[in-house]
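Just below sit the structures, each encoded as structure tokens.
What follows is subunit A paired twice: with subunit B in the first complex and subunit C in the second.
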Partner chain A sequence: MSEHIVPRKVYFVVFGALMVLTALTVFAANIDFGVLNDVIAMTIAVTKAVLVILFFMHVRYGSRLIMLVVVAGFFWLAILMVLTLSDYNSRKWVEQRVRQSTIPSEAGR
Partner chain B sequence: MATHEIAATHHGPAAAHAAHVPAEHSAHAALAHHFDNLEQQREAGSLGMWIFLAQEVMFFGGLFLAYVIYRTRFPEAFAAASNHLNWKLGAFNTAVLICSSLTMALAVWAAQVGRTRRTQVFFMALTGLLGATFLGVKAVEYYDKYRDHLIPVRGWFHWEQPLSANVSEQNIQMFYWIYFAMTGLHALHMIIGIAILLPIMYRAWKGAYSPEYHAPVELFGLYWHFVDIVWIFLFPLLYLLGAHYAGGHAAAGH
Partner chain C sequence: MSTAVGAPATPIDAPRGVRFPHVNYLNANYGIKSWLLTLDHKRIALLYLASVTFFFFLGGVYAIAIRLELMTPAGDLVESQTYNKLFTHHGVLMVFFFLIPSIPAILGNFLIPLMIGAKDLAFPRLNLLSWYIYMAGGIITLWALLSGGVDTGWTFYTPFSTTFSNGYVVAAGLGIFVNGFSSILTGLNFIVTIHTMRAPGMTWFRLPLFIWAHYATSIIFILGTPVIAITILLVALERLARIGIFDPALGGDPVLFQHLFWFYSHPAVYIMLLPSMGIVSEVIATFSRKNIFGYTFVAFSSIAIAVFGFLVWGHHMFTSSQSIYAGMVFSFISYAVAIPSAVKVFNWTATLYKGSISYDTPMLYALAFIGLFLIGGMTGLFLAALGLDVHVHDTYFVVAHFHYIMVGGALMGYLGGMHYWWPKITGRMYPEGWARFAALVIFVGFNLTFFPQFLLGYMGMPRRYHAYPVDAPVWQVLHVMSTSGASIMGVGMLIPMVYFIWSMRYGKFATANPWPATGLEWRTASPPPTENFGTTPVVTWEAYEFRPMEETEVIGPGDTPAQPIDGMQPTDGKNP
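What follows is the complex of A and B.
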């Protein structure tokens, strides 16, 4: 019946991990990995966020209903990102197709 | 009582559970009358807070989306503008916020296990001070941007460094719009956070929170950690994105 109480040791370990990951993200940003720089930075940020959510925010010890709300929140964000970016990034394809279909007719004039 | 027992046998565990409610209500002053037990009450509070936070994810999500779109459009301008931010202050503030999350987690812990009001207030005060430190550093950064004419307002904004071929001043200004919108909204959340923390601290000092009842402390903790998470993403995206270009840009300046 009683609330799950997270031992203080867990908080200190998570705190240490967050500090180490912060140092790591600064270190990694100063090395040129090409496109991987963003992947590394975001992987570290997501890892830190998950640690905060699971332990500081007690979701690991919470009910499935709360886990569902948390996942749904970020899933909705993913929908926002994926649908909008697929629109922005595919506009060039349409422009290219329009150009390809108009250039031959102009050449044939 | 006879009717309760009959109901229990007919309707199974739910009805049997309801039959126990009066006993628990009389045992806990902390239990509101519309909840069956303390666990359900806690769960409902957390659930409500998480639904609010899911909405906050959307609130900040729009700005993150704007960042991604403009950055993919103007990658060089964003890298150059980002390099002008002081990453050391950003990293310091990241550490300050992580420390404040730890002290807030410990404040919740102190209330959960029934430590003295002094201990509870101590951890809350530490959280508030770290939050104020963050805002102080942020104010210094904003002042630097003001001094360097980087507030993205027409007639004020001016980029004094040399621009490389694909970069216009407007593109750089776009970065600063997004920088101020995102960090400004985040700082507003910190200010609101401290404003909410103060009355909770006052009530903690009055001894309001116990292992049975500490919902405000727990739910405020969720809010505070969420604001920390936003910064965990803002720091690498705004301060570090151009770090490895730094050498290249210095060379391009010649």
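What follows is the complex of A and C.
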């Protein structure tokens, strides 16, 4: 394991950036952007997470194997979310199908 | 020891109570401190062996209590509330404290450095820490079970676990949460060790299949366990702080729990099974004196099972409110998992073909594994079929299916592995006759216990009920068969317990390579010295280089004679 020495300045800059982004989150939460509310909140949150992973967790200075491990972790998180949401998002389809199939039969009665 | 194994393997008579002729990891130092503070992976494996065995027998006691209750149709032995606790405790102990850690933490811990030619795991201190975490998790869970008990089933389904159960759900959950970190540390340690500590010449495709299986298992440990940890935390948060995650009244969804729970707990089945498959690959090759058929396919099928295993969890939820479209996808992918599993079964069978087979105890367990895993796996496909699952969901058919996988698969592999490497671990042979007898008893008892449960389930006996109708006499007949089978299996489990302990003092001394096999672990003394190998081995041979027994007796086990690498004298001086 090669130890990469990170100048202290980098940590302070990243810390500052995180604080600014936190303030931005609070600020944005008080304004109604309509459909963009979630998008803006998530963008800020993801940016902060990336900063922490790259600098505080030293992934930026890690080997390719380390990067691969991080990517694999997120890939697995994506599997969890995509397949879970595939359930939630397709539940309505069932209701639609049921409605379509029952209406004609009721009409025929 | 089988006579079929031949002259080179004959151990000498053990002088009673005499110490081993060489310094090894067992006699290098003595005293309680040398064990509790050890950093030696072999000693940590034995610490795990003792504690995992304790939890196994405790879980077994609960199983016997369940079976006794079900002998009669009336719920007369225990009250329904007590019965709920019995099957919950049985499940929690067996799944989280026996099946998941058993093979990786005991045999994996012991063998991975030996098999790849390393002195220890990459992080010996983390390894010891993982055992302490396991013990802490175990003690917390035991406290929860003994002081109040939990009645949710080992699956902790919401909304019962979050809203209605009066048991010690949070405490038991905390124990499992803590225990999860022990799994993560073990998995991390294995992955780093296999990547960075292989001996010169030990390329990826010279690794024994046992190592490939553990690599795949470690991937699941690392990627899956955090999810169950978070899920338990969410249950606790909702129970204690009424945060709406799973409760619809608070804006949550109870089925979300099932998604999160099975995202870990389905792959957890492969955590139990993959290491067993690794053992079976080793044992089949050794006792049929043939190189494993299709090595690369078997190796990659382990990885494929680990990856596919993460994509199928919805097949536990066909009768929940899960959308039928998601169900179709999960059903399809579940069928796909059968492919890498079948690759293994067919390749083992092809390895046996025209092999020079001997029926030593490890081989008996390996053959049992193949047959029982086949039944367990095929009935798994029944359950993965959307329509049929509606009929048999939550019946004894499911109970029978997963016991065929977990007991018929994982436990048979574990017992086979314990017998196969017992001479390496202790330097003593177990009594072969008794061991074969016990294997037979366990096999018969197992089938008598669980085969009738397929029939019961198909006829509609629901799981987790402690009473059933009197006017269906065939149900009681099947239940009595099952209970008597469980008693036979219980006795069968005690026999190895007795002769293993007996053999530690009175067993014959084992040679460095009693079977004889070609792996690196057999090229150092039995038991190995603390540093495993005197000099770092240089590997110039493939993973399996077997030749028929007749040739082995004359010219040695592999293309490369299995000389002890560090020049240490084998205990009988007869080893080739």
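Please note the rule applied: the second predicted complex is superposed on the first by the 107 of 109 C-alpha atoms of A that agree within 3 Å, B and C clash if a C-alpha of one lies under 4 Å from a C-alpha of the other, contacts with A are read in each partner's own complex, and residues count from 1 in each chain.
Just so it is clear, a residue touches a chain if its C-beta (ideal position, glycine included) is under 8 Å from a C-beta of that chain, and two chains touch if they have at least 3 such contacts.
Predicted model only: the values in this text are computed from it and were never measured.
Superimposing the complexes on subunit A yields a three-chain arrangement in which subunit B and subunit C clash. Using the contact criterion defined above for the overlaid structures, shared-chain residue A:Leu65 touches subunit B and also reaches subunit C. Applying the stated contact rule after C-alpha superposition, one finds that A:Ala45 touches subunit B and leaves subunit C untouched.
When the two complexes are overlaid on their common chain A, residue A:Thr84 makes contact with subunit B and with subunit C alike.
Of the two partner chains placed around the shared chain by superposition, subunit B is the only one that A:Ile5 touches, whereas subunit C remains out of contact. Shared-chain residue A:Leu54: touches no atom of subunit B or subunit C. Of the two partner chains placed by superposition, only subunit C is touched by A:Trp93; subunit B is not. When both complexes are overlaid on chain A, the residue A:Gly73 reaches subunit B and subunit C alike.
The wider contact with subunit A, measured as residues touched, comes from B rather than the other of subunit B and subunit C. Using the contact criterion defined above for the overlaid structures, shared-chain residue A:Leu24 touches neither subunit B nor subunit C, since it reaches no partner.
Only one of the subunit C stretches 1-9, 37-45, 235-243 or 361-369 carries C-alpha atoms that clash with subunit B in the superposed arrangement, namely 235-243. In the three-chain superposition model, subunit A touches both subunit B and subunit C at residues 65, 72-73, 76, 80, 84, 88.
Those residues of subunit A that touch subunit B in the complex are listed here as 1-3, 5-6, 8, 11-12, 15, 18-19, 22, 25-26, 29-33, 37-38, 41-42, 44-45, 48-49, 52-53, 55-58, 62-63, 65-66, 69-70, 72-74, 76-77, 80-81, 84-85, 88-89. Those residues of subunit C lying in contact with subunit A across their complex are 195, 223, 227, 255-256, 259-260, 263, 310-311, 313-314, 317, 321-326, 329-330.
Interface residues of subunit B, counted against subunit A in their complex, comprise 37-39, 42-43, 46-47, 50-51, 53-55, 57-58, 61-62, 64-65, 68-69, 72, 87, 91, 94-95, 98-99, 101-102, 104-106, 109, 112-113, 211, 221-222, 225-226, 228-229, 232-233, 235-237, 240-241, 243-246.
Only residues 65, 72-73, 76, 79-80, 83-84, 86-88, 90-91, 93-94 of subunit A touch subunit C when the two sit together in their complex.
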